[in-house]
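Shared chain: chain A. Partners: chain B in the first complex, chain C in the second.
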Partner chain A sequence: MRIGLAVLRNEFLIYFKKWVHIIINIAFFIFSTSLFSLVAGLEQGLLAEWGAGVIWVVALLSMLLAMPLLFQPDREDGTLDLMLLSAMDPAWLALAKAGANWCVFGLPLVLLSPLLGASYGLEGIALVVLPATLALGTPALILLATVAAALTAGLRRGVGLLALLVLPLALPILLFGVRATELAADGFPTAAPLMMLGAFLLLALGLLPWAAGAALRATAN
Partner chain B sequence: MRLPNWLHKLASPPHFYRIAARIEPWMLWSGLAAIAVGAFGGLLLAPPDYQQGDAYRIIYFHVPAAYLAMQLYALMAIGSAIGLIWRIKLAYAIAAAAAPVGLAFTGLALATGMLWGKPMWGAYWSWGDARLTSVLVMFFLYLGYMLLHASLEERSTADRAAGILAVVGVVNLPIIKFSVEWWSSLHQGPTISRLAAPAITWDMLWPLLVMVAGAVLFSMAVTLTRARAEVLLRERGARWVQDAVAADA
Partner chain C sequence: MLEARGLTIWRGERRLCHDLSFSLASGSLLLLQGRNGSGKTSLLRCLAGLLPLESGTVELNGVAYGRDPARYLRCLGWLGHKDGLKAELSVRRNLAFRLRLAGLAGQAGKEDELLERAGLKGLENRVAAQLSYGQRRRLALAGLIGVAPPLWLLDEPDANLDAQGREWLQRELDSHLDAGGCAVLAGHRMEWRSRGPAPQLILGIA
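Our next item is the complex of A and B:
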């Protein structure tokens, strides 16, 4: 646990040194969501209908974009092997790394989403529900992606495969996130899909760090 | 927890190779015979459905394919788990052998389901439907397992990494199984009720059971053939492999 916190602190320091990546990630998110509305040339009503889906998909993709940073540099310079040799449970290592990753790559998306939602013509309660779904869904997505990143850490160009491994399992999270926002936009209660997202997050928190730790061990040199 | 002794003996590659070679033809031919009988019974003898007419007969291919898609995933995941926990290499070989067979049956289940969906629901595919989506997810899980296995060069690493993926993907199995019951509250539109409103009669049921049994035997035979090839490939340096190949030639 204490070593886990030390890893967390270390991760933050490294990410702030690599602040360019954080900016790139946020810029990618904003720019890609705007691209959809520019290219489609949709009128306002349709735009509001598509908003939640577009924002969710782009959020997922921009998080995947940053995923190779999670283990690849540490694997290449040997830090990861040393960490695995230490007394720390690799599950804690995976959880700490995923947590730091979410804070710098997931949280900004959650905070920005009301703004982008508004630009898509979402209004009222939907602008509260959209960030709520992202706040519940993105940590679970990061944990899923952590497992995939650990499985593909040894591969040179593993991003494509990583995405392919994450996307099918990410599907339910995506569906419930979008559904909740759509229900909110139409004035229906959203408790059920939000609870589902919460359940996914708890399940992911309980099981996936362990799987990611095992994956790190399995693919270690 | 320790494995029973007979399992350990069966887990030795030469022993498995010999046993599998002996039971495989029986499974293959009895499976093909059952599929022939079941297809004859289902397509010609069974009466037409009072709502769906003759179109329902695709059930005789759809249900066995969907059943095996899930069973083979379970086999792949259990094999991977046994490999991860007890470090039995043969279990990994069986998991790797089962994956493409499972992928094929999942593809068959999706294809027959789509062909059936067109006349019954008016659409080949419905994205809002949990059953269809979760089976598609399983298709991609099989694909991910095979691609991950193929892209990691060292076989033992590939076995363990792909094995972890297979075990994580097990969460999808209960979702597939219960999707029809759980999601009625959330998704709208047509709900799948496979054995339509009237309870199925014996005339329609027996060919289905024969088909399922035949498909199980057939898929086991194919998986065993693939597993034997995997074992030969993995143990190619061993003495018994050279003896076995020399005996076959």
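Our next item is the complex of A and C:
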């Protein structure tokens, strides 16, 4: 556990030294969502209809940009071997990596989403539900990505494969996230899709770090 | 201390060794020799539990990796081809992290002593990316020496080291072996010694 915290601390230090990645990620999120609104023109009804879907899809894509940073650098510089040979269970390693990656790349998207939602004409409770869905859904996405990243870290063209593995598995999270926001925008209760997202997150927390740990061990050769 | 029996290792379609057995007592050094691609690194990775064995067993102080991985791993130290350093972090932070991975709490005094022994004093706050390859190797070795596990698995540990660095490494190896540790060292240099010429295991002949 203490080693896991040391990994977490190191990850934050490294990510903040690579601040350009963080800026690029945020800029990608903002510019890509803006592109959709330009294509839709100024038709407010259409914008509001697209809003939740566009923001969720772009959030997913911008998180995909950061997913190769989960294990690939550690594989390349040899620190992954040292971490796998430490007293720490690789599941804690995966959890620490996922936690740091989400705080640096996922949390800013959650915080920015109400602003972007408002620019799409979302209002009222929908501007609360949208970040809530992202806060529940994006950590589950990162946990999914840890398994795919652990499996593909040693591959030369692993980034494309990582995206192909994550995208179909992310579909239920995406659908519930978008649906909850749409229901909120139309004034319907949103408890059911939010609870489903919460259940996905709990399931991901309970299972995926162990799966990622096993994948890291299996691909260490 | 280290007992390997009947090891068979495959790398893809190629069999690297078959039914290989050897043992290593406290205070002894084994040199793994062989041409490039003969399987030295793969054998080291098998001994570390990083690569699965096709068949055979490895026991370290009577513990097999499969039976108690945590206890097995506590007894070994690893230095691979890659230094295991984070280019973005300082020399001190890299060393502290290496010690932390072994469960050793942050000890500034110990870090200072290790950096001095490795000839890196005065570079504590420099990021690893700004070190020369030789200095990075020294830092990686300082981490291993600080952890001081009973078995050292070293893959070309003198890569990028100058003559002084190789002498320093030999001295540290001598101290480790005198203290009852043992080491398996893969590389192309034949001069490593352990109170006399070290036994060699030459791979790639079968």
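Methods note: the second predicted complex is superposed on the first by the 219 of 221 C-alpha atoms of A that agree within 3 Å, B and C clash if a C-alpha of one lies under 4 Å from a C-alpha of the other, contacts with A are read in each partner's own complex, and residues count from 1 in each chain.
What we mean here is this: a residue touches a chain if its C-beta (ideal position, glycine included) is under 8 Å from a C-beta of that chain, and two chains touch if they have at least 3 such contacts.
Note that the coordinates shown come from a computational prediction; the quantities given were computed from them, not determined experimentally.
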According to the stated criteria, A:77 is in contact with first (chain B), second (chain C), both, or neither; which is it?
second
Which partner chains sit in contact with A:3 here, chain B, chain C, both or neither? Use first/second/both/neither.
second
Classify the contacts of A:21 with the two partner chains as first (chain B alone), second (chain C alone), both, or neither.
neither
Partner chain in contact with A:151 - chain B first, chain C second, else both or neither
first
Looking at chain A, which of its residues have contacts with both chain B and chain C?
none
Which of the residues in chain B come into contact with chain A in the complex?
84, 133, 136-137, 140-141, 143-144, 147-148, 151-152, 157, 160-165, 167-169, 171-172, 175, 185-186
Which positions of chain C touch chain A when the two form their complex?
45, 48-52, 70, 73-74, 76, 78, 80-89, 93, 97-98, 100-103
Inside the complex, what are the residues of chain A that reach chain B?
147, 151-152, 154-155, 158, 161, 164-165, 167-169, 171-172, 175, 179, 192-193, 203, 207-208, 211, 214-215, 218-219
Sites on chain A touched by chain C in the complex:
2-3, 6, 10, 13-14, 17-18, 76-79, 81-88, 220-221
